[in-house]
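Naming follows writing order (A, B, C and D), and every chain is counted from residue 1.
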């Protein structure tokens, strides 16, 4: 399951670049043409870092599993589906952020796609906490609570970003970036298996 | 063989997102523009879940193999080819489902591509049952029969979907989704190798 | 090196589908519109099977290696580059095969890209035969000769296809397909490592 | 981490082909039409070889690690992000190299994306040298210096290429190619793990 999940995450993160388009109005000054599509670069960076964090968390989560049952497999498939959708919502946001209309909707959908991923993680987490036999070493109550709080904070951030999209789309994108940045600190020290 | 197959399946499932296009008529209301392309989302979800199930079944099948001969390799290549074709048929269905013409053909081709995959699985299964030396533990007669019945049900469903495409394309898509959903239950408990 | 090579081959083979376009003239009969782009399907199948065979041969070749030096790494990179180029030449052939002009050139380039891959394989093979210390079990003279003859036959076939492209493009494509088919038979029995 | 990194690098290198377009003016002579887009082929080759070298160096670097902490993970993510950006800058350069305007900017951005990757490598290297506990066998001072000199030479080359882009874009591309070529020699002998 990990090889397939790693594959889907690696592909989704790399496909993001296809949504950045080469400016076509060859008459204009290229610096300005490139500058005007800054939402594409911001979208690329925010989505790349977010999927990167998803990958780290995904890896951490599945390293704790001793067994995988079919519910986990399909919750995982839902999680991967929501991640695989991100290149589309990133392109949507990038194309509409500076448009005369639709920047609110596009940004809300963008933040919404991150919320979907956060829900996917919560679903997997909750299932694992209620099925302790799947874990190698069941988490204690304090650890579970700390994870769920972490999850919930992310969801709250993305909900706020969805609401803010209708006030100021730029602030909404900034919140999405901040949520990603907030997930960076953590305890991810992996010891390599001796080879 | 598994790394390559996993790669092809992971790429095919993730490429599905490239077939969802950002609405270009920036004058229109974006909610409506996004809503109008609901066939793209339905196609994304149905194809994603179907390829996800293909991956699970593929994994289960190849875990039972002790050896791989060249016939299996090429039957597998045919199976992967039919899966790699799905992003095209998904895009075709999504583009034509709400068109004034061609929704029957596009939907029939979509269901037909799933039928092709089902045939690929049957071909591999039948070959394995008649070459018991390839399996780790040969399946007994009851297990073989149960698998072939399962396979045949899927094929029957997709055949029905092809026919229904010419009556009502929406019902046809629904049948494709139901066949995928029907494959979800099963006995897929994998124990992780200790690491 | 194998994981990276497997990745490139799996991606190149799956990207082929992106070159098949959904017909856009929604007024026409969709069966006919789909039928008219049969060169895309033929190109997809021929290129898919060819890359599939490349993958099998690549795997066989590198399983025989005990060590990889930097020359092998870069010969391998050249080989992967020629394979990664195939989705472009396939699209070129498919777009021009039924055009009023350019079908000869497009088909010659298509066959030429397969010739490039065959050269890449020959380069790796010749290097390995002259550096026996890289192999696990050096091949004897008869085996080497048989491989080089096999390689040379493929190159002769693709050279013929390039020439035939200027006589009859359809025959040229057929020859490319036949060369691929001729590579299918072989001795590829892999025993799974016990797990 | 290596599976994910390998995946991203393999996908980025293979996506390069999507930036080569099939000529669409079917009236013109196809040889000439194909010839006119030589910047696409040069960009494909230079970027392919550069990403190939990145992969080799990346692999070498991470083989020396005993542990991975979260700073390494995120420096690595930044490195992968800069590599994943290369298909865009390659397409930009290829589209503008022969345009009447913008070839200087496009070429400078192209060389700049390689500089970004070089910075990513330097950041990882410097972090590892100052955190010797992450390495399996810490490098001695002479080795560190030799690596940093190597890194610095590459950065100097790319800086020169950025400057040259505003003098002569073709020379700038040639310098990018030469820097890649200069990285090819090295001591990359990997012994396969016995299997």
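List of remarks:
Here is the rule we go by: a contact is a pair of C-beta atoms (placed from the backbone, for glycine too) under 8 Å apart; a residue touches a chain by one contact, two chains touch by 3 or more.
Keep in mind the model is a prediction, meaning the values are calculated, not measured.
Common partners of chain B and chain C, by the touch rule above, are absent. The most distant chain from chain D is B, comparing centres defined as mean Cα coordinates. Chain C maps onto chain D through a rotation of 90 degrees [Cα fit, steps of 5, range 0 to 180].
At the interface between chain A and chain B, under half of the residue numbers involved are used by both copies, so each side presents largely different positions.
Taking the mean of the C-alpha atoms as each chain's centre, chain A and chain B sit 26 Å apart.
If you average the Cα atoms of chain A and of chain C, the two centres end up 37 Å apart. Among all residues of chain A, those that touch two or more other chains are 3, 7, 11, 15, 18. Arrangement of the chains shown, judged by which pairs touch: one closed cycle in which each chain has exactly two touching partners. Taken together, the chains touch in the following pairs: A-B, A-D, B-C, C-D.
For chain B in complex with chain A, the touching residues are 2-3, 6-7, 9-11, 13-18, 20, 22, 26-27, 29-31, 33-34, 44-45, 48-49, 52, 55-56, 59, 184-192, 195. For chain A in complex with chain B, the touching residues are 1, 3-4, 7-8, 11-12, 15, 18, 65-70, 73-74, 77, 80-81, 84-85, 87-88, 91-92, 95-96, 99-102, 105-106, 109, 193.
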